[in-house]
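Heads up, the next two complexes both have chain A, just with different partners, chain B and then chain C.
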Partner chain A sequence: MKRAEHEIRSNVGKLLKQKKIDVFIGYEKGTLPLRTSPCFVSSEKEARKLIWNSFCTNNLAVYLPHIMSRVKNKRSTRVGIICKGCDSRSLVELIKEKQLTRDQIYIIGISCSGMVDYKRILSQVNSDEVIGVDETADEITVRSKEGERVFSKEENLCEPCRTCKHAVPTVYDMLIRTAQQPRQATTSDSTVHDFLMKPREERWQILEQELGQCIRCYACRNACPNCYCKECFAEQTKPRWFGVTTDLTDIIFYHTIRIFHQAGRCVDCGACVRACPMNINLRLFTRMLVDEVKERFGYEPGVAPEELQPLATYSAKDKQDFMIEPE
Partner chain B sequence: MEQSDDKTIGQSDNKTNPFEPRILAFLCNWCSYAGADLAGVSRFQYPTTFRVIRVPCSGRINPLYIIKALQSGFDGVLVSGCHPGDCHYISGNYFARRRFALLKKFLEYLGIEPERVQFSWVSAAEGARFAKVVKQVTDDIRKCGPMNYFKKNRNFVERVL
Partner chain C sequence: MVKRERLGVILSESRLPELIASLTETYRIFGPSKKDDGESFAAIHKSEELALDYGNTKMSPKGFFFPQTESLMWYDSADKKAKQDKPEVQPTLLFGLRPCDALAISYLDKVFLSNEPQDPYYRQRREATKIVCLACNSPSPTCFCTTVGCGPDSEKGADIMMYKLNDRYLMKALTPGGEEIFTNIDVETEPATSQDIVEKDDLVNKACQMVKRFVDIDEFKEKLNNFQGPWWEKLAQKCLGCGICTYFCPTCHCFDVTDEVVKQSGRRVRTWDSCMYPLFTLHASGHNPRPGIKERMRQRIMHKFNYAVEYYGETFCVGCGRCIIHCPVNIDIRQIIMDIAEER
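Showing the complex of A and B:
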C-alpha cells in the first residue's frame, strides 16, 4: 500500500510537471476515520497529498463527463485519473457513450485487491474513539481509546468486490501494482439467484421495505458515473413523470427507472449503494440487470472497448421467448 | 375501436361481472394499430378492456410510459408492434425487443406479475390475431386481479397538493 501510494505521488507529480496532464483526480485523506475523499490535484506540490488504501471506494469516473462538458479547450485538455478495475470499466462505457475520448484522459490503473466496507468496520467499533488506522496486506488495524482491534480485509470487503472478476483495469496508460494480488473471484454472485427463490409477493414486500426507507436525496444517482444526463427524468417538469412526494409508489417509480437506465452500463461498482445515507441495499436490484444482460446478450460492461453496448445494437436472432404468441 | 362506458371498467360489479381489468395498449401506427382497426372492421368479438395509445413505432416506447401506466391505475400494459423484419423504420422493433426483454424480466424480478406487462407482434393484416391477443392478455390480467399495490394513492396526492 505504502509503496503504491509513493508510486502514485511521484508519477502524478512528474506528469503534472511535464504538463502531460492538466489536473489529476485521486484520493486524499478523509476528515473521518476510515474514509477518503476524492481530490483534484493540479501541481507537483499538491500531488503529495494523494493517498492509496483500502478505503478509496468512490468511483472517480463520475467526475469526467461533468469536467469534459465544461472545459473550454477540449482538444488540449488532458485529465489524469486513478482507476480501480470497476472505475476503468465505467470509463470504457463513458467513452462508448461519447462523453469523452480516450486521448483526453491519462489513466493510472491500479490492480485492485478489493475495497473494505468502512461501514461494516465502524459498526463494530465506536467511531468517536478511533485514533488511527493501519493497514497491512490482509488486515486493518483500528486503534481506538479502547485499544487495538484487527479486522480481516477478506471478511469486510464491499459486497461487489467479493465476486469481482475484473479487478485489473481494462484500460490504462500506466499500471501500478500493490503488494497484494489483484482480486480474482472464483465464486459467482448469488444475490439475484437467492432473491428469485423467494415468492413474488415476498419479493415485492422486500422491495417496499428497502425502498420505503428512501429519502429521495438522489445521492445514488449522483454517485453513479452513468448518471450524467443534463436533465434527469427525476427532475423533469414537462412532463413530470412522477410526483415529488413521499408516496411509496413515487419512490419505487424513481428507482425502477433509475436502475433500468443502467441496463447494460452498470459495472457493479457499488458506488450507488455506498452513497446511500439510508443504507438501502440497492445492489439487490442493480445486480439483476448486470446478470440478465450478461446472460441474454453475453455483454459485460467495460470489458471490451470495441464492443457495442447491448441496447445500442440488436440482432435479428435475439430471443423473443418473453413475447406472447396467441394460439 | 369500440370502447365501452368507462364506469363499467376497472371495477367489479360483484354480482354478475367478474373483475374487468383496465389495460393500456401501445400500438404502433404501421402494424398493430392497423391490425386493431382491421379487427374492428371485421367485427371480431373481443373484450373491451383496452385503451389504445397510438405510437409511431414500438421502439418509441420508453419504459417510463409502462411504469407510469401502472402507477396511474392501469391493471396491465400491452405493447405491440410490427413483426421482426417488418418495421416501418427498419430496426425500431429490434431495438425495442432488447429493451422489452430486460424490462419484462426486471419487473418480474421486482415482484410484479409477469402477465401485467406484455409484448406482442401484430401485423396490419392480422385482425384475428389482434382479437386473440386482447383476449389472452385480458384473461391473464383478470387472473392477477386489480393492480392495487403499485397504484398511486390519489387521496394522498389530493391531501398533499
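Showing the complex of A and C:
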C-alpha cells in the first residue's frame, strides 16, 4: 500500500511537472478515521497529499463528465485520474457514450485488492472511540480508546468487491501494482437469484422495506458516473414525470426509472450503495440488470472498450424471447 | 407533582420507569429508541425502550414539526371547495433530545413563527410539543457545538434540562412549559444540593473539553462578507451535489410547494427542498441564479453563517456533525470553516 502510494505521488508529480496533465483526480486523507476524500491536484507539491489505502472507495469517474463539460479548450485539456478496476470500467462506458475521448484523460490504473466497507467496520466498534487505523496486506487494525481490534479485510469488503471479476483496470496508461494480488473472485453473486426465489408478496415487501427508507437526497444518482444527464428526469417539470413527495409511489418511480436507465451500462461499482445514507441495498436492483444484460447479450459493461453497448446496437442473434404475446 | 426547587430536582435512575409511566398519562413521548441503538426517535411507551446513552440520532428531529412531506390542502374544482389538512395535534414530549437539536428547533421557531404570517402547520405541532433535553456527557468526535455558540449543556429550546450524574438525573424546569410538565407528573424526587451542581459542572466541563474548538469563528464570518471570495470554486470541486447535508441538517428548512392535480381535483403538498438541487431557485424563464455546485454550496454556507446572522441574529449551525458523518465524499464543514478563515 505504502509503495503504491509513493508510486502514485511521484508519477503524478512528474506528469504535472511535465505538463502532460492539467489536473489529477485522486484521494486524500479523510477528516474521519476509515475515510478518504476525493481530491483535485494541480501541482507537483500538491501531489504529496495523494494517498492510497483500502478505503479509497469513491468512484472518481463521476467527476469527469462534469469537468469536461466545463473546460474551455477541450482539445488541450488533459485530466489525470486514478482508477481501480470498477472506476476504469465506468470510464470505458463514458468514452463509449462520448462523454469523453480517450486522449483527454491519463489513467493511472491500480490493480485493486478490494475495498473495505468502513460502515461495516464502524458498526462493529464504538465509532465515537476510534482514534486511528492501520492496515496490512490482509488486515485492518482499528485503534480506539478501548484498545486495538483487528479485522480481516476479506470479511469486511464492500459488497461488489466480493464478486468482482475485473479488479485490474480494463483501460489505463500506466498500471501500478500493489503488494497484494489483485482480487479474483471465485464466487458469483447470488443476491438476485435468492431474491427471485422468494414468493411475490415477500419480494414486494422487501422492495417496500428497502425503498421505503429513501429520503430522496439523490446521492445514489449523483455518486453514479453513468448519471451525467444535464437535466435528470427527476427534475424535469414540463412535464413532471412523477410526484415530489416521499410517498412510496414517488420513491419507487424514481428508483425504477433511474435503475432502468442503467441497463447495459451499470458496471456494478456499488457507488450508489456506498453513497446512500440510509443504507438502502440498491444493488439488489442493479445486479438484476447486470445479470440480465449478460445473459441476453453476453455483454459486461466496461470490460471491452471496442465492444458496442447492447442497447445502442442491433444483432440478428439478439434473443427475442422477452417479446411476449399479450395474454 | 414535582415541587419546584431552586437548584433543580434529583431523580434516581431507578425511578426513570416511573417518570416515563407518569409522563405517558399526559403526553405522547418520542425519544431515542433502543430498537436501533438510538439512531432514530420513536414512540416510547416504557423507559426500557429508551436509549439515553446515544450519541446523536441519524436524522434530526426537525421532521416532527416540519415533515419532509406534508399535505397542506385538498381541493376539487367540481364543488369549488378546498379542505385544509390539519396536523394531528396531541400533547407531545420529545424526551432526551440533545442540546444541539433543541437549539436548532429554537432557530426553526424563529423562521416559522417570529414573523407574520406564522406558519400554521408548524405552529400547531410546535405548540403541542415540549422538549426535555439531556446534556451530553460524551460528545462524538464529529461534534463541534462549542465553536458555533452551542454546547453540551446548551439550554436554549429546552423546557426541561436533564443532566445524567452517576446514578441519578438532575432535572431543571426552564420554561413555564417545563413547570407544567413537573406539575403533571407524579414521581418521587429530592431537591438538588450544591454538591450535585458541582458534580454537574464537572461533567459539563469535561464534555466541553472533549469537543474540539478548532477555529476562530468570527474571523470566518468576517471573510464571508466577501460574497465573491476566491475559495468557493475549490471548496465545491469535490461536492457531488446531493442533498444529504441539507436533509440531515437540523436547521435547514427550505421547502417547496407543489400542486398534484389529477383531472378536477388535487392536493397541495409541501416537501423539503435543498439549495444543493438544480431546481432550487430555478426561474420560470429558465435562468438560474445558482447554476452550478459552486453557487449552491456558497448558498448553503452563506445562509447558515451570514444571512441567518443578519436576519435572526443567530448562526444557523449547531455543530451536530451530521453533515460530516453522512457526506459521501467526506466534505467536512469544519474544514470549510478553517479553509476560509485561513485564506489570506
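What we mean here is this: the second predicted complex is superposed on the first by the 323 of 327 C-alpha atoms of A that agree within 3 Å, B and C clash if a C-alpha of one lies under 4 Å from a C-alpha of the other, contacts with A are read in each partner's own complex, and residues count from 1 in each chain.
Everything that follows uses one rule, which is that a contact is a pair of C-beta atoms (placed from the backbone, for glycine too) under 8 Å apart; a residue touches a chain by one contact, two chains touch by 3 or more.
Remember, predicted model here, so these are calculated numbers, not experimental data.
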{"item": "Residues of chain A touched, compared between chain B and chain C (which is higher)", "value": "B"}
{"item": "First, second, both or neither for A:Val62, with chain B first and chain C second", "value": "second"}
{"item": "First, second, both or neither for A:Phe233, with chain B first and chain C second", "value": "first"}
{"item": "First, second, both or neither for A:Asp128, with chain B first and chain C second", "value": "second"}
{"item": "First, second, both or neither for A:Phe322, with chain B first and chain C second", "value": "first"}
{"item": "Contacts of A:Tyr172 with chain B and chain C, given as first, second, both or neither", "value": "neither"}
{"item": "Which superposed partner A:Arg274 touches (first chain B, second chain C, both, neither)", "value": "second"}
{"item": "Touching partner for A:Asp247 - first (chain B), second (chain C), both, neither", "value": "both"}
{"item": "Common interface residues of chain A - those touching chain B in one complex and chain C in the other", "value": "243, 245, 247"}
{"item": "In the complex, chain A residues that touch chain C", "value": "30-32, 35-40, 58, 62-63, 128, 130, 215-219, 221-223, 231-232, 235, 237, 243-247, 274-275, 277"}
{"item": "Residues of chain B that touch chain A when the two form their complex", "value": "63-64, 67-68, 71, 84-85, 91, 94-95, 97-113, 118-121, 129, 132-133, 135-137, 149-153, 156-157, 160"}
{"item": "For the chain A and chain B complex, residues of the former touching the latter", "value": "192, 195-196, 200-207, 233, 241-243, 245, 247, 249-250, 252-253, 256-257, 259-260, 263-264, 285, 288-289, 292-293, 296-297, 310-311, 314-316, 318-320, 322-327"}
{"item": "Chain C residues within the chain A interface of the complex", "value": "55, 58-59, 68-69, 138, 140-142, 234, 237-238, 240-244, 247-248, 256, 258, 260, 269, 271, 274, 277-279, 324-326, 328-332, 334-335"}
